[in-house]
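Below, chain A partners chain B and then partners chain C, in two separate complexes.
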Partner chain A sequence: MYLVLQLALRNIWRQRRRNGLVLFAIVVSVGGVFVMNSLARGMEQDFLRFSIENLRGHIKILAPNQLDEPGLQYSIPIDTDLSLLARPEIESWTPRLRSPAVIMSERETRGVEIIGIDPTRESHSFIEDLVVEGEAITDTDDQHLLIGRSLADELKTGLGRRLVVLMTGPDDNAIEIGFRVLGIFKSTTSRYEDAYALTGLSSLQAITGVDGFTDVSVYLEDLATTSEVQATLASQIPELNVVTWEQLDPFTSEMYRFIGFTVYILIVVFLGTLVFGLINALVTAVLVRIREFGMLRVVGMKSRLVVMQVVIECVIIMLLALAIGLAAGLLVIWWIGDGIDLTAFAAGVEAFGMGARMAPHLVVDDFVILGVASVILGLIASYFPARRVIKASILQSLRDG
Partner chain B sequence: MSELAVQTTDVTRIYGSEAVPVYALRGVSLSIEVGEFVSIVGPSGSGKSTLLHVIGGLERPTEGEITVGDTVLGSCSDSELTDVRLYKMGFVFQAYNLIPVLSAVENVEFILQLQGIGKRERREHAQEALRAFGLEGLFDRRPSEMSGGQQQRVAIARAVVSKPDVLLADEPSANLDSETTKEFCEYLQHANEERGVTILTATHDPLVMGYTKRQIRLVDGQIAT
Partner chain C sequence: MLDSPSSPECQLTHRFISAVCAACLICLTGAGATSEITAEDLIARMIDQSRGLSSYSELSMTVNRPQWQRTSSFNVLTRGREDALIRFTAPAKDAGNATLKVGDTMWTYSPKIRRAVRLPKSMMSQEWAGSDFSYNDLARSDKLLAYYRHDIVDQTEEDGLITYTIESVPNENAPVVWGKERIVFRSDNVLLEQTFFDQAMQPVKAMHAFEIQELGGRMLAKRMRMSDLERPDRWTEVEYETIEFDVAIDDRSFTQFALRGE
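Right after this comes the complex of A and B.
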């Protein structure tokens, strides 16, 4: 066994130019797949974050009928017992009062969603990350309005100016209320800036006369527990509507699955191509040594050992390349770091639900799968040259070499 | 009558198809006694190599039986034949005898290593054999760093190191000049006389024939008298 290993190592070194090329090809493929994999995973995370960290959450508890008819007609009473949300799986939760509204300046009119928030509880939504010019909403009692930069531009309004908001109240009554714009926010995406106007939760409750919330967003510690927690909550509060982000955002949910699937296709396609190239290179490498293998068999080396030598040579090259490839991949991922700037295409990708950066994300499972798959493929690939070696009779080998 | 190292009985080897058979050997029967130094001679295509191959268990005769020492080759499996070659035979071909990635001493040791002999004993035997064939000082050379004559001597050292029943050599001097051939033959003679190795060599070379004590002449796959 030691003998075979020694022969294998020395032969690898003897054909170092050829093997170096093979090694290089594997390193590039493995490293490339690895980097692409982590970028795809990063994209996946981005989709997910975009879907969950807007006002959705992993799980949403809604007043009945809110899904079909969003508005103030249906609400969760303020005295509803929400102590059941104190579960270890739940990282945070936040109640909101939301209503479609018409917002008017002296010059323009736009449709928005007006949202009463408890700013102390918004640590997981995009609201946390807003860059605010003027005053942010810091209290549920805050009565001023916070609108997005692009909405402010469209309304041709600015800090300190007044806006009028029209809503349909809980009893189908019309509500008209004046607000002063004390804050203007910028967000990573203009979608938020156009769509939302924020104010304090208590003050919106007072204005609308709704003594409660339209919905509660629940943020979990771990995505994987989503359906489990949803089921528990649904059974504990049957009078309310408990839904998961996947039910609320089937597009992202599908996208998420699709990327997860694509990642494996990518691995299979790349490694498949690699194996064909590898088999080719290894078979040629072995054919030039066929006479030598014949001589080994003449003097009494068992075919089994000869085959083992070929397999060991292949596996050593494969393992070495795999290690270097993964290390190189890690290096590239580390170098990409925060992400590749996609600002140039930002408008396009944002509509898809991605940020303007493409950041890699390492998934340990993928790392392991890539490693194990490469080794298995290396073994399979080594079968072909090994078979070539013993398929020929000893005399043929001696003649043909 | 003394002991036999090799015996063939009515050995026939047919190549090609049934429709167009090529007779490489036609009923060759011969006996070689332990300690003999025999050359097989004859024109090109007369079956010399084929005879060495069937005796060496590298291919099987179409008909007939071969016995090496006390082993009947016909009753061995392929794997057993490999062992017979490893333990009972030594081989020297005209070229490509050595493993390129191993040094001279490692090449000789290789056989002992396959036989499972321990490291120290292996090294001792290998060095002793190399010395006996005038290779003192070349132990660590790779084949590519040695002359053709030196390589052939390493090949003999390897072939005899495990004390085989018979050493088979096919045109061992084909790539050597006459000076080197002479030297090489002296070492073969040395192996035969000092170590008692039975040697069977196929050759065209009158110089080599001159060293052997008996010549077997093949013509058209038959022994000519």
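Right after this comes the complex of A and C.
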């Protein structure tokens, strides 16, 4: 056995140029797949994060009818017992009062969503990461408005100015109120800046006369428990509507699945190309060495060992290439760092549900699959050419070779 | 013409009665207190002018833009301050377009689509019929009394008429986008000027009255011009051709049937 290994290594070294080329081909493709894969995974994470942090949460508890008719008409009463949310799977939850609204300045009018938040509980939405100029919302009683930079620019307004907000109240009544803008936020994407106007939860409740929330966002420790927790909550509070982020955002959820699937397609394509390339290279290599193998068999080496020698050569090259390829891929990812800057295409990629940076994300499982599958394919790819050698008779091998 | 509060004869009696009342009040409260007119009183008077009054008028409107100018004609039927029906009569392209206001609610009607559309509140700050007037300017409700603090900042007297300049600043949470409004109001109940300031106190748009004269038995500005102060060359002028007060009004004049011209 040791002898076979030694022979294999020597043979690899003997055919430096040919094996080097095979190695190089595998390194490049492994490295490429590694980088592509982590970028695709990064995109997938992006989709997920955007969907969750966009005031959705993994699970959302909504007042009935709220999905059909968003607004203040339907709400979750403030005295609803939410103690059932104290579960180990649930990391945090936050109530909000949201309403579509029209916001007006001296010069412009825009449609936004006004949201009353409890800032102490907003630890998992985009609100946490906002860069605020002026005053943030720090208390549920805060009466001022926090709007996005791009909305402020569109409305031609600024810090300290008053904006008029129009909404439809719980009884279909028109609510019209002036708010002072004391904070302007910048966020990673302009879609938050355009879409939301934030204020304190209690103060918005007081203004609108809604004694409750329109929804409660629930954030989980582990994404995988989503449907399980959703089912439990739904059975515990049948009077409210408990939905998962996938139900709320089918587009993103489909994209998320699609990318997950694409990663595997990518791996299959890679392995397919690799395996044909390998077989091609190995068949040639083996055919060239027919006489050599014949000679080995003449001196008494068992056919099994001859095959094993070829297979071991191939696996060694494969493992080496995997290691170098992964290292090269890591290097590229390290070089990409925070991500590829897509700011130039920001509007386009945002419409698609992505951020302006395309950041790689490593998923260990994918690489275990990639590694194991490559080695198995290496075994298969080398076994058949080697079989050809031992099928021929020794004499013929010696004569033809 | 029936007596309206500001027809000349009536005004005399009105003033006389006010004077008597004031005198009584001074007597009652003892001495010293002069009957100072407050800005709130003036605003209330301005708003109350048309209360309970019906009118029918024909007007022409000129919209001026840097590239073009357009004149159209319309007639207006009003009942109090609450209800109004405006219908365009010319040019042919716009004839039949109508706006109905009942209380705080407005509808528009276009004969081309044969539909009456109720205007959402959110549209009220948009311009009306392509002019510099917003729907809000047309609807002009009690907002001035409810949400502003008023101060008389200037007062001049000419030919026995006092011209008050009032500055109206909205309250903290008022649903008002303006930083302040400046209203110039004459003691014979004619609104001479109204200027809207943004919150940096820069004037944004202003309405001026011209050719103040007796029309239909009341002192009125024959022409009113709303100008966009930030973009000169953009203004809209409305001119009364005829106006008649206290006309008989059918109850169905302010319905959606009437809006459609049926």
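One rule holds for everything that comes next: the second predicted complex is superposed on the first by the 401 of 401 C-alpha atoms of A that agree within 3 Å, B and C clash if a C-alpha of one lies under 4 Å from a C-alpha of the other, contacts with A are read in each partner's own complex, and residues count from 1 in each chain.
Everything that follows uses one rule, which is that contacts are C-beta pairs under 8 Å (C-beta built on N, C-alpha and C of every residue); 3 or more make two chains touch, one makes a residue touch a chain.
Model, not experiment: these values are computed from the prediction.
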Problem set entry | chain C versus chain B on the shared chain A, clash or fit after superposition | fit
Seminar exercise, completed: Once aligned on A, the angle formed at the Cα centre of chain A by those of chain B and chain C, in degrees rounded to the nearest 10, is 160
Exercise. Taking the superposition as given, does A:Glu292 touch the first partner, chain B, the second, chain C, both, or neither?
Worked result: first
For this session: Would you sort A:Gly300 into first (chain B), second (chain C), both or neither based on which partner it touches?
Result: first
For this session: For A:Leu166, select first, second, both or neither according to whether it touches chain B, chain C, the two together, or no partner.
Result: second
Exercise. Should A:Phe179 be classified as contacting the first partner (chain B), the second (chain C), both, or neither?
Worked result: second
For this session: Check the residue A:Thr109 against both partner chains and state whether it touches chain B (first), chain C (second), both, or neither.
Result: second
Problem set entry | Least C-alpha distance (whole Å) that remains between chain C and chain B when both complexes are overlaid | 88
Problem set entry | Interface residues of chain A shared between complexes with chain B and chain C | none
For this session: Give every residue of chain A touching chain B within the complex, in rising order.
Result: 3, 7, 10-11, 13-14, 291-292, 295-303, 393-395, 398, 401
Seminar exercise, completed: Residue positions on chain B within touch of chain A in the complex are 53, 56, 58-59, 79, 82-83, 85-87, 91, 93, 96-97, 99-102, 110-111, 113-114, 158
Problem set entry | Footprint of chain A on chain C - complex, ascending | 120-122, 125-126, 170-179, 196, 198-199, 204
Seminar exercise, completed: chain C partner, complex, touching residues on chain A are 102, 104-107, 109, 111, 143, 157, 160-166, 174, 176-180
